[in-house]
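Per-chain residue numbering starts at 1, and chain names A, B, C and D are given in the order in which the chains are listed.
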Amino acid sequence: MDIVLMFRFEIILAALILAIFIMSLRGFDTNVKCFLNTMNVLLLLNFIAGWLPLSEGSYFSDFFRTNGLIVLQKNIINLGLLLISLTSYAWLEQSKYRLEFYLLMLSSIFGVYVMLSSGHILMLYLGLEMSTIPIAAMSNFNLKEQRSSEAGIKLILSSAFSTGIMLFGISLLYGAVGNLSFASVIANLHPNALTLFAFAFILAGFAFKMSIVPFHLWTADVYEGSPIAVTNFLSVISKGSVIFVFLTVLYSLFGGLKEAWLLGISIVSILSMTVGNLFALRQQNAKRFLAFSSIAQVGFVLVGITAASTIGSASVVYFVLIYLLSNIAAFGVISAVADSTGSESLQSFKGLYKSNPFYALIMAVALFSLAGVPPIAGFFGKLFLLTAGMKSGLYVLLGFAGVNLVLSLYNYLRVVKYMFIDDNEAHLAPLNRNRQLTTALYICLIGLIAIGFVTPIYQYIDSLCRF
Amino acid sequence: MDILSLLLVFPVITALGILVAKKDKVVRWTALSGSIVQLFLAIGITAYYVSLRNAGETGQMLLESSYEWFAPLQIYFSAAVDGISLVMILMTAMVVVAGILVSWKIGKQVKEFFFLILLLSLSAYGFFISTNLFVMFFFLELAVIPKYLLIGVWGSGRKDYSAMKLALMLMFGSALVFIGILGLFYFTGAQTWDFQEIAKMHIPIETQRILYILLFTGFGVFTAMFPFHTWAPDGHSSAPTAASMFLAGISMKLGGYGCLRVATYLLPDAAQELSWIFIITASIAIIYGAFATMMQKDLKYMNAYSSVSHCGFVILGIAMLTKAAVTGAVMQMVSHGIMTALFFASIGMIYDRAHTRQADELGGMLKQMPFIGSAFIISGLCSLGLPGFSGFVSEMTVFVGSWERTGVFYRVATILACASIVVTAVYILRAVGFAIWGTVTNKEYLKFKDATWSERSAAVLLTLGILIIGLAPFLFIHLIDADTTSIVSRFIAVVGK
Amino acid sequence: MNSYDLSALLIVILPALSFLVLGLFGNRLSNRVSGLIGCASLVTTAILAIYVAAGYFFDFGLVGGVHEKHIALQFQWLKFTENLSIDLGIVLDPISVMMLLVITIVSSMVHIYSLGYMKGEEYFERYYAYLSLFSFSMLGLVIAVNIFQMYIFWELVGVSSFLLIGFYFTKPSAIAAAKKAFIVTRFADLGFLIGILMLSYNTKSLDFFTIIERLTQVGSPYLANFTATSFMGMSALSWALLLVFMGGAGKSAMFPLHIWLPDAMEGPTPVSALIHAATMVVAGVFLVARLFPVFAISAPDALLIIAYIGAFTALFAALIACTQTDIKRVLAYSTISQIAYMMFGLGVAGWGAENSEGFTGSMFHLFTHAFFKALLFLGAGAVIHAVHSNEMKDMGGLRKSLPITHITFLIACLAIAGVPGLSGFFSKEAILAAAFHSHPTIFYVGLFTSGLTAYYMFRLYFRIFWHNPVPEHSHNHEGHTWAMNIPLIILAVGAALAGWIPFGSFVSADGKAMELPFHLTFSIAPVAFGLIGIGIAYLLYAKKNDVPDKIASSINAFYKASYNKFYIDEIYLFITKKVLFNLVGRPAAWFDRTVVNGLFINGSAEATVATSRAIKPMQSGRLQSYTMFFLGGVLLLAALLIIKFM
Amino acid sequence: MEQVPLSHILILSSTLFFLGVYGFFSRRNLITMLMSVELILNSVNINFIAFNKYLFPHQLEGVFFTMFIIVVAAAEVSISIAIIINLYRRFKTIDIEDTTTMKY
C-alpha cells in the first residue's frame, strides 16, 4: 500500500495514458465534448489524488525518492495541468488531434514526475528528456502552419544540442566523482577545474530549459510558433518543473560549489532580468511578449535562489505557484481574444475593458501579479524573492532587480493601457465564453487574490522547505 | 477587532459596497457616506488617543495591535499610532471627503472612479498606521496603480505620458525604499520589520550610510524631491481634480512621513552625518521650484510646481534635525496637504466650467463666481503663508527650527528658504490677478454658475481645516509634541540643545 | 481682569467680529445695515480707546510719575522651542495707547465718511468687511507683546491693504497697484523676518520686553556675544536691527522701498486716508519706536543710518511732490515725506531724558500727522467725488461750491505747513529742535523740506480752490451727505488743536514725563521757511498764469526727473521684469523642462529603448547563431568560474 | 602491451565533441545538423566508457548511462525526423537558413 501511495502520481498518470490509448483504439473521442469533459474530470481527480496522505521514502536504491516538498511540487504541476486543459478547451474542440495532444502532454508530465523525484543523475537526465521530447512534437501541432513546424524544429534541435552539452558535463562529473547518485555526488564533490567545468555545462543544460539568458534564444520563437495551449504548457509546466529541480540540483547536488554557483547565478540572473525586459519592451505579439516576460521572471527567481536556504527555496516554490496561476490566466485570455479576433497582436487588446470587462480584469490581475503590484499575490511572490536575495547581501544584484522592477512595470502597464485607456477603432465584439475557460480563469483569479492573504499557504511551503 | 483596524475595514467595506452598487447615484452616496464615517472615526480615534495620553499612557505609540501574516518572514500586520500619524490620518480623511465631493459630477465610469479613490485612501491609512516596514511598503505600493489608472482613464492633456512617468518614477522610488528596508531587515542584527524594534538596535554606521541614502532618496521621490520631482507637475496637471488632490495632498505626504519615520528616525547617526545632502536638494527645490512656478501659465502646473517648492520645506525641516524644524515639517505636511487640495479643488471647479487652465485666458472669475474665486484666493493666501492660515505657522516653525542650526551652510539654506516667501507671493498674486480678478474676457464665461452644493461643502471643509491649524496651532503642537521630542532626542548630539 | 483690560480686549475683538459678520453674511445684508454694523463697531472701539487712554495716562498706567508698561493679556499661541514661542497679548504703554487712539479715531471717521463716499458702490459690504479687517490687524499690531505677534499682524495689515487697494478688482491699474504694494512690502518683510530670526536666536526670546531688557542691560551676556561678531564694520546686532528696520522701511515707504505707496492711491480715497496716510504707513515708525531702547543704547550706528535714510527720503519725496499733478499722488508723496520726518526724528534721538526729545517729537508728529493727513485725504476725496477726476487741470475755484471742504482743507494745509498755533507746528518743531541739537546737517535738510512742504501743499490748495474756475463741473456737490462732512469737521478740530496737548508728559522714551523745549528764537527759521513756501505757491498758483510753465521749462531736466519720480519705478521694473523673470525664472523653468525632465528622466527612458533596439540582432531567428550564443555562454561561464576559484 | 592512456581517449572524445559542435554550427542541412548532434552524444558516450573502464572499473554505471543515452538519442532523432518531414512539407526545403520566419 505504501508503495502505491508513494507512486500514486506516476501510477495514475500511467493509467490515464493507457486509458487514452484504449480510447483511441475504441474511437471514444468521436464525441468531442464528452471526451474533453471526461479528461478534465479525470485530471481533476488526479489533482485531488495528489493530496492523499503522504509517505516519504525512496525506492530502487535511491533512484526514486519522494518527500513533502516533491509531493507539493507535483501537486502544483497537476494544478497547472488541469488549468491548461481547461483553458485550451475551445482550441481542442476544433483541433483534430486532441487525443494525441493529451497523450503527449501526459507523457511529458510523466517525465516531469520522474525528474522531480529522481535520486540519481541518470533519472534526472531521463526525466528531462522525457519531458522535453513530447513538447517538441506538441509545438508542431498546427501541422498546416509554417511557424508551428519551425518552432518544432528549433525546439528539438536546440534542446538536442543543449542535452549534448549537459551530457558532456555529466560525463566529466562522472569522471570526477565516479558515482552519479546524488548522495555520492554530494559526498565527494570538490571544487576543482574538472568539476567547475562540468558544473558550467550542466548549469547550461538546465538554463536552457528555464530559458535563462544567454541560453534563452529559442524561447521567443518557439513560444510564438506553437499553439497557445502548448506555449502555456511550455511557459508554466516545463519551466516550473525545471525550476523545482534546479533548486535540488543547486542546493543539494552542487551544494559543495556554493560560492562558485552564487557568482554564476547572480550574473545570469542579472542578464535574464535585463535582457528579458529589454526585449519585451518592443514586442507586439502577445505570446512573444509573454515569452520575454517569462525570461525576466526567471531572472527574479534566480535572485531568490541565491539565498541558498529555507527562505530561498520556500520563496521560489511560492513564486512558481503564483507565476503559474498568472501565466495561465494571461494565456487563457490571450487564447480567448485570439480565437475571436484571429490575431495574437497586443493591438487587438485595445479597448478590451469596454467590450469585455471580465477578460480585461482577469488579464489586468494576471499582469499586475507578474509585475508584482499589490494587493495581487505576485507582489508577495516577487518581494519574497528579493527578500531572499538580500540574504547574501548582494547589493548589486538587488539594484539590478530594482531597476528591472521599473522596466517590467512599464512593459505590463503598456498592455494595461491598451485594455483600459486606449479605445479600439475596430470595436471589439463581446467574446464567446465557454464554461471551462471561465472556470479556469476564476480559479486563477481567486488564487491570485487569496494566496497573498491566506497565510497558511506560505507557512505550509515554508515548513516543507526546512532542511 | 481593535479600533485601528477599523480605519482599514471601513474603506474596504465602502469599496465593496461600491462594487455591488448598481446606479451611479448609489455609488456616489455610498462613497461619500463611507468617507464621512471614516472622517468621524478618525476624529474619534484622535480623541481617544488624547484621552489615553492625558490618562498618563507613556508608550511611544499607542493602540498597538498585531496580526500574523507571513510569520516565517516576520511579517505581521501590526498597527499603532502616535500624534504624527494621527494628524496625517485626520488630514487624509478630510481630503478624501473633499475629493469625493468635488468629483461628484464625474461622468464616465463612476463606479471604477470611486473604487480607485477609496483604494487610494485605503493605502494612505494603511501606510500611516502600520508599524511593520513590510506592511508599510505594501500600502505604499498599493497606491501606484490606482494613481496610474485615475490619470490615464479620467485625466486630460498628455495623460498617457504623465501617468506612465508617474507610475515608473514612483516604482523606482519604492524599489529604492524596498532595498533599504531589506537592509534594515537583515543588517540591523535582529531580523524584524517592526521599526519600534529596529529603533532599539544599534546599527553600524557604514550600514546606516547606505540605507539612509537609499531610504531618504526613495521616499524623496514620493515627496517630489529635486531632482526626482518631474513626475509631479505632469502628473498633477493631467490628473482629474480629485486625483490631483490626492497626489499632492496625500501621496506626497507618504514620502515625507517615510523620510521622517523610517529614514531619519531609524538611522539617526547617518542622518546627522549626511542630512546636508538633502538640505541642499531641499533648498534647491524650494527656491528653484518657486522660480519655475513663476513662469507657469497653466494654473495646475503652477500649483504643482509650488507643491514641489512647499514640499521642499518638509524635506528641509526633516533634514535640519532640530525639534522645531521637525515639528514644522510635520505641520507643513498636514497644512500643505489640505491647502493644496483646496487649491486643486478650486482650479478644478474653474476648469470644469471654462475648460481652460491658462491663467491669461481666464479672468473675472471673482466677478462671475464669487465663491470659487474666494476659495482660490484663500488657498492662494494660505500658500503664500498668510498668518491665520496653516501655511504661516508651519513655515515659520520650519524657519525658526532651521535657524537653530548654526553655521554658514545652514544659515544660507534657511535664508534661501525664507526668500522663497517673496517669490511665492509673486506667483500667487500673478495668478490671482490674471485669473480671478480683472474683467470677464470671454463672453462664454458670463454663463458660468457658481459652485454647486457639493463643491461648496468640499471647499468649506478644507478651509475649516486650514483655519483650525492656522488659528489654533497649539492644539496641533500639543498633539505631536511628545513624538517629535522622542524623534529628535535621537540626534541631540548634533543639534547641541 | 479689570474693566480697562476688558475694554482693551474689546477694542481688538470688536472689529474682528464685524469683519466675520460682514464677511460671512455680508451678501445677505443690505448695504445700509452692513455699513452701520461697521461704523457702530468702530465708533464703539474709539470710545473704548479714549476710555482706556484716559485710564492709562491718568490712572493705572501712572506708577510713581512714570508710565509703566502694562500687560493686559498674554497667552502662548505657538511654542517653537523651550524658550522661543509666539505669545499673543495686549500691552499698554504710552506709544501703543497713543496708537490705539489714533487708529480707532481715524478709522471710525473713515468708516462714517465711507457711508457717503461709497454709497451705491458694488460690494459695499465687502468694503466694510475689509475695513474692519484692517482695523483689527492694525490694532493687533500696535498692542503686540511679542515680535512675532507684530509680524503676524504686520502681514495681516499688508494683506488687507492689498485687498483694499485692489478693491476695484476689475481695473487693471488697481490690480497692478495691489500686487506692487503687497510684493514690495513682502520683500521688505523678508528682511524683517530674518531680523526676527537673528534677534530671537541671540536673545533666546521673542518677547519684546525680554529682548529689550537683554539687549540694553550693560554687561548682559546676550548683548556681549551678539555684538561680538561683526560684519562690514557693524555688529551683528546692528545688522539684525537694520533688517528689522528694512521691514519698517517697506511699510513706511522709506526710500528706496517707497514706490508702492503712490500707486496705492488706486484704492478708494477713504482707504488711502486710513491706511496710506494715518495708520499703516506709520507702522514702520512704530516698530522702530518699539525697539527704540535697543537702537539707542546698543546700536547707535544703526540709528544713525535710519536718520540719514529718513532725511534723504523726506527731501526726495518733497521734491517729487512739487511737480505731481494728480492730487492724491501729491498727498502720497507728502505722506512719504512726513513719515520720513518721523523716521529721522527717531534717528536723531538718543537715550536719556535730555536726548530723547526726538523720540517724543516723532511720536507727536505721528499723532498730529494722522489728523491733518487723514483730513487732507478725506477732503481730496470730497473734491474728487465732486469733479470725478484726480487731475489738477480739471479743478480750480472750488472754494465756492465746496465751502466746508475748503475750510477744513485749508486748516489741514496750514497745519502741515507748520504755521504757528496749529498742530503740525509743534510736532515738527520738536523734531527739528532735536535734529538741530544732534545732527545739524539733518536739521538743515529738514528745514528746507519744511519749506518745500508748505510750497507744494499750498500749490495743491490754490490749484484746487482758487486758480481759475474750470467751466464744467457745474453741479454743486456741497453738503454731500452729513456722513462725509462730519468727519471732515471733527478731524479739522483735531488738526487744529492736537498741538496744544502737552505731549511730552504722556509719551516719552523712558516713560518719564518730559517738557518739550520750545524757544521762540529757534522756531523763527522753520516758520519763515513755511511762509516763504506759501508765498511762492500763492504767487504761482493763486491766479492762472504761465509763470509755472516758464519755470518748469527753465529747469526742464530737473522738472522732468522730478515729474517722473526720478525714474525709480523704471529701475524696479527693469530689475523685476528683465532680471528676475528673464534671467532667473525663465532659465529655471527651461532647465526643469529640458535638463531635469528632458535629459534626466526622458533621456533615461530613451536610452533604454535605444539599448533594446541595439540588442535586437541577438534574436536573429537563426538557430545556429542561437546555439553559438549558447556555447559561448557556457565557455565564458566555465572560464569565469575556473579563473575565479582556481 | 600497455594501455592507451586515458588522456588520449579524452582528447579524442573532446575532438569529437567539438567536431560535432562545428558541424552543428556550419551545416545548413537539418539532417546533417542532426548527425552532428549524434557526434556530440557519441563523444559523451566515449567519455563515459573511458572513465568507467579506467577510473571506476568495479561498477558499470558509465556503460549503462551510455545505453540510455543511445536510446534517448534514438527517440530524439525519430521525433526530429518527423518534424523535419513536416517542415519540408511547409517550406519545401530543409535548409536551416530558410526557416527563420520568426525573429526579433
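FYI, a residue touches a chain if its C-beta (ideal position, glycine included) is under 8 Å from a C-beta of that chain, and two chains touch if they have at least 3 such contacts.
Here's who's who by UniProt: B = NADH-quinone oxidoreductase subunit M; D = NADH-quinone oxidoreductase subunit K.
Only a predicted model underlies this, so the values are computations on that prediction, with no experimental measurement involved.
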Chain located farthest away, centre of subunit B as origin (C-alpha): D
Pair with more cross-chain C-beta pairs in contact, given A-C and C-D: A-C
Between subunit C and subunit A, distance of the C-alpha-averaged centres to the nearest whole Å: 78
Subunit C and subunit D, separation of their C-alpha mean positions in angstrom: 97
Centroid spacing, where centroids are CA-atom means, of subunit B and subunit D in whole angstrom: 65
Centre-of-Cα separation between subunit B and subunit A, whole angstrom: 42
Junction residues of subunit D - those touching two or more other chains: 24, 99-104
Interface hub residues of subunit A, defined as touching at least two other chains: 153-154, 157, 161, 165, 220-221, 282
For subunit B, residues contacting two or more additional chains: 168
Subunit A residues touching subunit B - in the complex, by the definition given at the top: 310-311, 314, 368, 373-375, 379-380, 383-384, 386-387, 390-391, 393, 395, 398-399, 401-403, 405-406, 409-410, 413, 416-417, 420-421, 455, 458-459, 462
Residues of subunit B that touch subunit C when the two form their complex: 165, 168-169, 226-227, 229-230, 288, 291-292, 294-296, 323-324, 327, 364, 366-367, 370, 381, 384-388, 392-393, 396-397, 399-401, 403-404, 414-415, 418-419, 421-422, 425-426, 429-430, 433, 437-439, 473-474, 477, 481
Residues on subunit B engaged by subunit A in the complex (per definition of touch): 68-73, 134, 137-139, 141-142, 144-145, 148-149, 152-153, 159-160, 163-164, 167-168, 171-172, 175-176, 178-179, 182-183, 185-187, 210
Partner subunit C, residues of subunit D touching it in the complex: 21, 24-26, 96-97, 99-104
Of all residues in subunit C, those that touch subunit D in their complex: 616, 619-624, 627-628, 631
